[in-house]
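Next up: the structures, one after another.
You will see two complexes here that share chain A, one where it goes with chain B and one where it goes with chain C.
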Partner chain A sequence: MAGEKVKSAKQKRLVNNIIVHIVLAVLAVIWVFPIFWVVLTSFRAEKGSYVSTFFPQNYTLDNYIKLFTDTTLLNFPRMFANTLIIAICSCILSTFYVLAVSYCLSRLKFKLRKPYMNMAMILGLFPGFMSMVAVYFILKALGLSEGGLIRLALILCYSGGAGLGFQIAKGFFDTIPLAIDEAALIDGCTRWQIFWKITLPLSKPVIVYTVLTSFIGPWVDFIFAKVICRANANYYTVAIGLWRMLEKEYIDNWYTCFAAGAVLISIPIAALFMFLQRYYVDGMSGAVKG
Partner chain B sequence: MKRRLAILMAAVMGICTLGGCGRQEQSASGGVEHISLMIWAPSGDQSKDKGEWLQTCCNAFAEEHPEYDIEFVYGVADEATAADAVAQDAEASADVFMFANDNITTLTDAKAAAKFGGIYADEIIATNSEAVLDSVKVDGYIYGVPFTTNTWFMYYDKRVFSEEDVKNLDTMLEKGVVSFPFTNSWYLPAFYIGNGCTLFEDGTVEEAGVDFAGEKAEEVTDYLIDLLANPNFVVDADGSGIAGMRDGSINAMFSGSWEAGNLQEILGENMGVVSLPTYTLNGEEKQMMSYAGSKVIGVNSRSKHMVAAVQLAIYLGSAKAQSLRYELETVVPCNTELLADESIAADMLVKAQNDTFNNTSILQPTVGAMKNCWSPVELMGKGIRNKTVTHENSKEQTQAMNDAMNSDGL
Partner chain C sequence: MAIIKKRVNEFPTPYTATAAISKGAVETKLSMLVMGLGNIMHKQAVKGLLYLVIEAAYLIFMAVSGIHCLAMLPSLGTVEQEEVWNEALQIYEYTQGDNSVLILLYGVATILITVLMFLFWREALRSAYKAECLDREGKHLNTFREDLRSLLHENVQKLLMTPSLVFIFGLTVLPLIFMICMAFTNYSKMNEHLVLFDWVGLDNFKTLFDSGSIIGSTFWSVLAWTIIWAFFATFSNYIFGMILAIVINRKDTKAKSFWRFCFVLSCAVPSFVSLLIMRTMLQPDGAVNVLLRNLGWIAGDSSLPFFTDPLWARVTVIVINVWVGVPYTLLQLTGVLQNIPGELYEAAKVDGANAVQTFFKITLPYMVYITTPYLIATFTGNVNNFNIIYLLSGGDPVTDLASTAGSTDLLVTWLYKLTIDKQYYNVGAVIGILTFVVLAVVSLVTYRNSKSYKEEGGF
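Up next, the complex of A and B:
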């Protein structure tokens, strides 16, 4: 009797598991499908934007090779390098801004703390590109809209507003016990030392999160890059380059290269994520005893 | 001490100013003016593997004008988007740029394009046909140098259709598969315009509005519903037309000169290019009429070196430059002297584009209200394709399209 019950519970669990896994598998297929298709297209040997078969008839690496060798019309390597420089610089800057602002709002008590948080909340309600035209004219007045300074202009654009996005990191810092800070203060730490030597090492998950989001932002942005680069093709980012590949003059020849480019731009993000992933789990372990 | 410093500084400044004057005088006495000209053109015009048309022409221009010492700055902006970029901030834009004439009012509204007058206007007038000239005029003023016409026509497989067949779309559909960008509002109005529908009268009277209503439009909607039901008719969307040409499932398609190279590669000597066919509506032959425009070299109204910029624009649009561009990039010329040249006129692509421009097209209206005319037509095309527009409701749907085209709402 008891044995039967156990068995039926086991069976029940098995059936449940099967159903859950089937549902998950179906969802996974649906989600992965478009990515899989882009990857397949990037290896397609047939030209053109439209094909009647899902699987390419012939496979080739030429699309990737063309992307890096056929640079007279659309210089992909340079765009890739531009984007990488801009994304890395703005990632470092905005990560610092976000963490510093969050730390201040979480730990320091000052008069403007509440008003600042309210203001940030309200400003955050407006989409960033609303200020696009104004930002362009300000950059132009500063002489940053021509030549090599365009890169600097873009870095400023992407990192300048980062301080407003403190909410998540501040929420995380709030969970770190104040007792640790107090202990450090008694030991003679300055605020900066507490931030740098104590809070940050305890906050790896949120640092990872901040780094990832502040890298992806400039990496995939199109609007600001388009407005600020204008006709300066030497400073185009990959987003503009990929968009140009789909214009009617280029689409037939460049469509498969477009897919190859799309695969390539996912590599830095994926690499960064894989590298940072292991820090997602450590964090608070062992900070406070008892 | 302080006073000494002040005197010293004043002296330094004075010398600098004098030096500046001296240099200026020198350059004036030498007769050579040092100028910097920024030029925006599509990347194809500047790429090495297409022969660097732009650089070649600019250098030739500099040689012809020893009175200038020109530093050329090249930027990439294609004709479709250049006008927007210039209108956005003319001051920081190119002196000379290329734009599609449907954006001409964007430029004139922003007062960003310079008018051509005097000998320059005379030269443009002398070397272009009346229709091409009309495409670059606003209120009677010329705003640029046209260098090619911009329209679409028909490519077909000569093995499937004879020269007689391609005169009528319905004859073609009996013999082979034809694709048409049915859901693209740059193409679909061809049928409506062919049956007497008009946009802003002759395209310039904004107050007149759009006339895509009444029986003449309803007939076309009904024709289009039947056309879509024809098994030999395929909707060309997202590049399916050229893909079909490639695998042989489609025998004719509608597109512009930018597709010529690809089709040449696919069809080789079997490629046929011709102006638009007629279609048979209730037993009567109606001529399809495409939108046509031109691509134009414009000069920035805020250019610091206006004379040189205008001269350069004229040069880049001259017969010599157009002919080089035709050789390097197969950009169909529109200069009347060149078109009279037999070797160029014999090119079937040139012939098809010009026949279309002259006979089977209307000038695409450049009035501001034209912006309301795109989505309603696209919706009509999609509605017919999705079978939400049927013979039963075609009358109301056509009226709705006309109303939407005439309204200023979103």
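Up next, the complex of A and C:
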């Protein structure tokens, strides 16, 4: 009797497990399917966006080759270079802003601390696009809306508000024990040295997190870039380029190239993300314990 | 609700600007007019000179352009651009008219600079008074070199925060004030007010709240959909992500990291790419319909109206939002789940609780406690979720041709359409302000009432 009960409980668990795994497998397929499909499309030989078969008939590498050699209509290599420059510069600037601001808010007591945090909260509630037009006017008034300075304008846009996104880094710094700072103060460290030589080396996860998120920003934003670049096709970023490939006049010839471009920019970001994933969770929960 | 608490000064100091004015010596009082004089008289020449230079720069700026900018602000310019016949050259020439946008922008910038100057002025007074007091008491006065060095220690926040603050004021606060001002003007393509416009007070708000006008009736339907969307988008993600995290985290689930990898893979692809892909896949002749036809699930010439039927479109964007958002939720909630102390579960097991009871008595309360701020952030993020609507449906389908918004348009995408496509800048600004009001109310009320806020204390 008792043995049977154990057996049936075991069976029940087995059935449960099988169901769980089947459901997970179905869900995983749903989640991976669009990515799989875009990779397939990027190797598809038939042109055009609409095809009658799901799997491509012929496979080719031409889409990738065209992306980098056919520069008359959409100059993808130049867009790539633009985005890389903008991403690197804005990444350096915003990482500095975020870390500096978070350190101050987490570690120092000063008069502007509370007002600053409240201001950040209030500013965060306004829709970002609301001020986009105004930002364009300001950049125009500063003479940054023409020629090569557009790059500088974009860098400023992407890094300018970075100091408001301090929450995660501050939360991380909060978990570093204050006793370490106090010990360093007694040993004669200045606050700057504490920041530079103690807090930062202890905060690798959150630094990686900040660097990567700010690096990815310019690659995936196309709205700000569109408003600021306007018709200056020489300074387009990758995101605008990909967006344009799906516009009516380009879609028939460029659709498969769009897929190729999407795969190309996804690979580095995916690699970074896999690398970051560990830090993403750590950065959220705080790594230095006790 | 005690939102406004009595302010307690945490940083009391005897060296305030009011004290400087009432108790300061002559040179300190004169610092009101000539900034830095007090410092120069009390062995802090460099510091005093710096203040003086700032004051001079401000005065020159005001004399050259500032006063003019301020004077133009009430009228926002009146001179229209005109054609004038030039006799000598026998051509029409255009006279330079006023451009209200620039007048408004420069005016707001001047006001901001003036406020900044006032803060500097107060700082200068304080510093003069401090120098005077310390000098009188025979205490040590910081030399300029020591002042600089203090930037690395006592005043390190000034060094670290200033660059970021400059950019925040220049590129976030200034544009925001500028746009808020626009809500009170008639800057719009409607009635051709794109170059010259005037202050109109609260007229734009009236139009928006008047449900008789086209814009007014659109506003209420868009607002309703925005709130429905934000609610469903937030909670569908949260609940589904939580179930998934719990299922993967279960003791008996094999290959945990493989499953997590499958889901996380999709957030490694930039969201605008995956959204554009989704959009093309769900077109009437897109991959999904082709697949369904090939499988014989729908007739060969029909297609599912993913973005052409209003209700379908709304459900589609919510479902796709689940696809986009669940991996992130999964990542975050996994961390929280793993942090729940195991003893709680052991104790529950000893007490004979079953799985459902453990979930509702332990897992859920713990998760909600930890993730309330995260939920609020997601909710506000969803109200402002521009990308997903703009890239997926573009606000379509448009059911009422007279209105400017489609059935899936949120307040933000409508704002974008109104400002960028239609150039109704004033109405766009009003919508932005109202979005802010909605968000502020929702987040303040929930946040102040949440456990995690009450127990977190001041930090």
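The rule we apply is simple: the second predicted complex is superposed on the first by the 249 of 290 C-alpha atoms of A that agree within 3 Å, B and C clash if a C-alpha of one lies under 4 Å from a C-alpha of the other, contacts with A are read in each partner's own complex, and residues count from 1 in each chain.
We adopt the following convention: contacts are C-beta pairs under 8 Å (C-beta built on N, C-alpha and C of every residue); 3 or more make two chains touch, one makes a residue touch a chain.
All values derive from a computational prediction rather than experimental measurement.
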Which partner reaches more residues of chain A (counting touched residues only), chain B or chain C: C
Partner chain(s) touched by A:Gly165 [first = chain B, second = chain C, both, neither]: neither
Touched partner set for A:Lys248, first chain B, second chain C, both or neither: first
Touching partner for A:Pro218 - first (chain B), second (chain C), both, neither: neither
Touched partner set for A:Pro34, first chain B, second chain C, both or neither: second
Contacts of A:Phe126 with chain B and chain C, given as first, second, both or neither: second
Overlap of chain C and chain B interfaces on chain A (superposed complexes): 49-52, 133, 137, 255
Contacting residues of chain A [partner chain B, same complex]: 46-52, 70, 72-74, 133, 136-137, 140, 145-146, 230-233, 244, 247-249, 251-253, 255
Residues of chain A that touch chain C when the two form their complex: 13, 16-17, 20-21, 23-24, 27-28, 30-32, 34-35, 37-38, 49-54, 96-97, 100-101, 103-104, 108-112, 116, 122-135, 137-138, 141, 156-157, 159-164, 174, 190-193, 195, 216, 219-220, 222-223, 227, 239, 242-243, 246, 255, 258-259, 262, 265-266, 269-270, 273-274, 277, 280-281, 284-285
Touch list for chain C against partner chain A, complex: 10-11, 101-102, 105-106, 152-154, 156-157, 159-161, 163-165, 167-168, 170-176, 178-179, 244, 247-248, 250, 252-254, 259, 262-274, 276-278, 280-281, 283, 285-287, 290-291, 294, 323, 327, 331-332, 334-336, 339, 380, 384, 386, 390, 411-412, 415-416, 419-420, 425, 428-429, 432, 435-436, 439-440, 443, 459
Chain A partner contacts - residues on chain B that touch it in the complex: 40, 42-44, 47-50, 75-78, 80, 82, 85, 88-89, 92-94, 238-240, 242-243, 246-247, 249, 258-259, 262
